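Heads up, there are several structures right after this.
In the two complexes that follow, subunit A is the common piece, with subunit B as its partner first and subunit C second.
After this line comes the complex of A and B, so read on.
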């Protein structure tokens, strides 16, 4: 009898062990790996990011499993130097993010995935203690009170292609304010030219000489590296609408009416996501469109977007330096200056 | 060699009989021989291709969901083909079967690539980046040089028709003869 009890209890023990092993294994493996968030990317017409809000804690890693449900997308985080990921349909990409400052971060798709590509954005809300994410300083266009919705056509334009090299020889004649960075940021090329024209000391220069000098001033305010960076950013983010050559003939805006300041209407109801009411962007190679705009104005247009044209807002995406590089690059369309040596 | 030529007159009778035999043989098998030779000619003659000097070709292809435009390209053999791939909606690719040639274009960023069309024939090109549910059907054709296969097959079928007509003419009673 004693032996039978032993046998029965042994059987029960084995059954219990057999049942416990898988549960214990699951518990052990689950303890080591924190829960991963599965992030699906879809074209904005089909829902965009899902989920589009991710909660996180300061200095707690978040594991993302990202996949695409339709076309090639990208995953990037605004205002960060984290390299963008390519999200290919049918493949899962794993990434781990750690944020050390609480605040709201924007993640976005960085590959064109349709006309509404730029709407494909989501937020990561990082809570916890620590110094919060530094707020951006107030953009210059707000400080100066520039109305970025109003058209700024230039009335005075150069009669021939300007050249910074020719302009460099007049550098010594220019007054100090002309080479000042604040003047550059807040003044349109046209206004600076008019101001310089009014200078008595420059009266012996011809109109085109003065334009060359303005070109030189504008290129003095940037570097080759900044222009190359601006060119790259422009190609990745802007050229699909503004055109690779800045003519406003990008593939996404085909068949849309040409931008016309008279059409401007900022008080109207918001545009639908179908693109109704959108216009094709102005031609950056036309001096009339460009020379009336100051760098502060262009920066405002990039940060806020809108203007009743369908221009996206890039404020949460680009850093101030990136926007500065893009603005410098946009001016080179009209200066007839090419970065390709 | 000389003795043989000397002996020829002696064998003239023999050769005459042989000649008659060949004639009969020729009458029966000549047509078949002719057709066989022309068949081989059609299959294996290197056709005199108008050899124009290799040109530089610049082809701009617009890729949209789910087509290439133009979808059919024609170049001559030996041409230097430069493809400019423009995407108008999402990321598209261009991969050419038979050639080791791949392009990938984002909207707003034209991709350019060059290859030398040294192989003749018809090649498919397809989108190499998944671009939506009809992506597998996004294909196009590259024709390099004249379509020799088509020309040869047309000639072959003509030959078959002629051979059928001739065989009817030459051996109208063949079937009845075999039955006898």
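After this line comes the complex of A and C, so read on.
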């Protein structure tokens, strides 16, 4: 009987050890570490970030212990220069963040983790004293009252590939307003072309000469560095749907109905996580799709997203400069100009 | 055939006869089982970082097929933690039966005997395998349900009814234990015949009478008969592989079914886990979806239609070519023996294909069993995704070839002529080639 009791005690002891290991290990490994917030990354279909709201205090470091529960994700803070972290399934990565201004910050996944990748966003609410985070100025499309939900197809387009180089010859002939930044931002290439076409002083230029001039104007408003940056941002964030070459044939939209202006419904209601109502984006290399849109309109589409197409909103993610670079870059699809040339 | 009786060696006899070594192993596996459930429930949801997935489906499942069965037959069953709580209650004692146990002790219903339910269970494991094998939570739930089911059945039915008739792994292990190199047999049949108290039968949790043992399929190697025999008449023999197969042993139709389900499962698992078909993989994972139903349908058609169809055709052809005066049913049962070496070598080859590559997960998961970011033994984050080496590929080809050769030899031994064995060999060739294509192709 003594042996039986010994056996019973051993069974109980072994099971207790088995059950204690998780608690003991947790205690041991957490002993020397500052309190950290455990942040789990999941595909939006599996619940997205957990937690998706993090509270913080100005100037107080927050320690994040981040892991992925499904596929490889990224962790990045919107409108910040901090390099993104790669989050590997089942592995923990630690990072410490300090915010010096109170306000709302967006953290997001920057890896194409799934069809609803862009929904994978969370908020860091930083409270405390200090100059609050500057609010974004009102986007130009709102000031100008542009309806970004309405299709803007161009009716007048060049009959051949335009050239900024040829356009440069006519620079001296162009009226001052044509080279003005405000004109550029608020006017579509088509409208600027129509305005220039109506100028008596330019009447001896051919239609295509004028298109070359417009191309030159557009490229004057940016720099090679900005275009390179725009290209990088486009490749990382937009190409999965819009396609590397801007044709609207990215991997995420294959099999979706092709965009056409008729589908361009008002409002942004069909933002369903099922992807229902999503369409593959318009072909940016088609002048009809691009030349009717002003930089302000494109900027608005990037900031707000929607349009009933499944286009995400990037307002909290990109800085104004980054959006500007992307806008400059996407016009190059139609100008037949690429950064490599 | 030569046998080496381990009870003739004093230290092995002490190891086998004493209850302590086995008890300690059982207590450790039970604690490990509890820990596995804990890890599955509360640990990382990422399978490759959770003890439950790596230890159950990589370490244990591999060890069972590469070590326990080929070198010990049903040796795993002798230390399996699943039936233990129920058996202890039945016995009224943990170390040894104490007379007063709990349980209704009912006989298992006759209609449900044999390995039919085990084969069905194995089929279910295959149908839901893609998720069970990758989700720690599902693994933990399955383990809990099995533990609970075994406990409840032990309280209602006598002895190890769960192991004998329900446990899918019991079916798998029992089938292939027939070719394992260990057996429990009586030393001298006359001594048993003269002994009118069947203490060994009363003590056997598996309900076997050692004197009548012809096959090791249902013997769990628990050594209870050895411990209670008053005349030390029980032998634990090391024997040549494949000893239970031959023209003299008796086999039932359920074995044919079990053997065919195992072959089909080996094919389907190879196709899902090793094949290049992404759609098949996602279909197997998306339980309940239309693609999954399609996958399940194909699986069932292969397991219950195509393979049995080919087997029946082979057996029928073999009967036509010989003079055996048996019914088709009897021949289906008798010829099922060739499915044993064929299946076992296929499972070993399948296991080799992923075991080398995946074994590197074992140490990191000991270092961080719950995937909570610990580093207990400094091995976290050291896993590498191994590649199938040409050695592993060659080994798989050799193993399949051995299986085919072995099955052909068995076919020849259980038939009257080479001509009669030919259809059975043809069946074995078709299976082996399909397996070869899935593993190597």
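Throughout what follows, the second predicted complex is superposed on the first by the 301 of 341 C-alpha atoms of A that agree within 3 Å, B and C clash if a C-alpha of one lies under 4 Å from a C-alpha of the other, contacts with A are read in each partner's own complex, and residues count from 1 in each chain.
Heads up, the rule we're going with is that a residue touches a chain if its C-beta (ideal position, glycine included) is under 8 Å from a C-beta of that chain, and two chains touch if they have at least 3 such contacts.
Quick caveat, the model's predicted, so the values are computed rather than measured.
Asks: Between subunit B (first) and subunit C (second), which, if any, makes contact with A:235: first, second, both or neither?
Replies: First partner only.
Asks: Based on the superposed arrangement, let me know which partner A:114 touches: subunit B (first), subunit C (second), both, or neither?
Replies: first
Asks: So in the superposed three-chain picture, is A:3 touching just subunit B, just subunit C, both, or none of them (first/second/both/neither)?
Replies: Second partner only, subunit C.
Asks: Considering only touches as defined above, state whether A:254 meets subunit B (first), subunit C (second), both or neither.
Replies: In the superposition, A:254 touches subunit B alone.
Asks: After the superposition on A, what does A:224 contact: first (subunit B), second (subunit C), both or neither?
Replies: In the superposition, A:224 touches no partner, neither subunit B nor subunit C.
Asks: Of the two partner chains, subunit B (first) and subunit C (second), which one does A:67 touch, if any: first, second, both, or neither?
Replies: Second partner only, subunit C.
Asks: Look at A:90 in the shared chain and tell me whether it touches subunit B only, subunit C only, both, or neither; answer first, second, both or neither.
Replies: After superposing on A, A:90 lies in contact with both subunit B and subunit C.
Asks: Which of the two partners, first being subunit B and second being subunit C, lies in contact with A:19: first, second, both, or neither?
Replies: second
Asks: Overlap the subunit B and subunit C contact sets on subunit A and report the shared residues.
Replies: 70, 89-90
Asks: If we count contacts the way the header does, which residues on subunit B are in touch with subunit A in the complex?
Replies: Subunit B reaches subunit A through residues 86-91, 106-110, 129-133.
Asks: Which residues of subunit A touch subunit B once you look at their complex with the stated criterion?
Replies: Per the stated touch rule, the residues are 43, 70-72, 88-90, 111-115, 235-236, 238-241, 243-244, 250-252, 254.
Asks: Any idea which subunit A residues touch subunit C in the complex?
Replies: So the residues of subunit A in touch with subunit C come to 3-4, 6-8, 10-11, 14-15, 17-19, 21-22, 25-26, 28-29, 65, 67-70, 89-92.
Asks: List the residues on subunit C that touch subunit A in their complex, please.
Replies: 23-24, 27-28, 30-32, 34-35, 38-39, 42-46, 48-50, 93-96, 98, 369-376, 381
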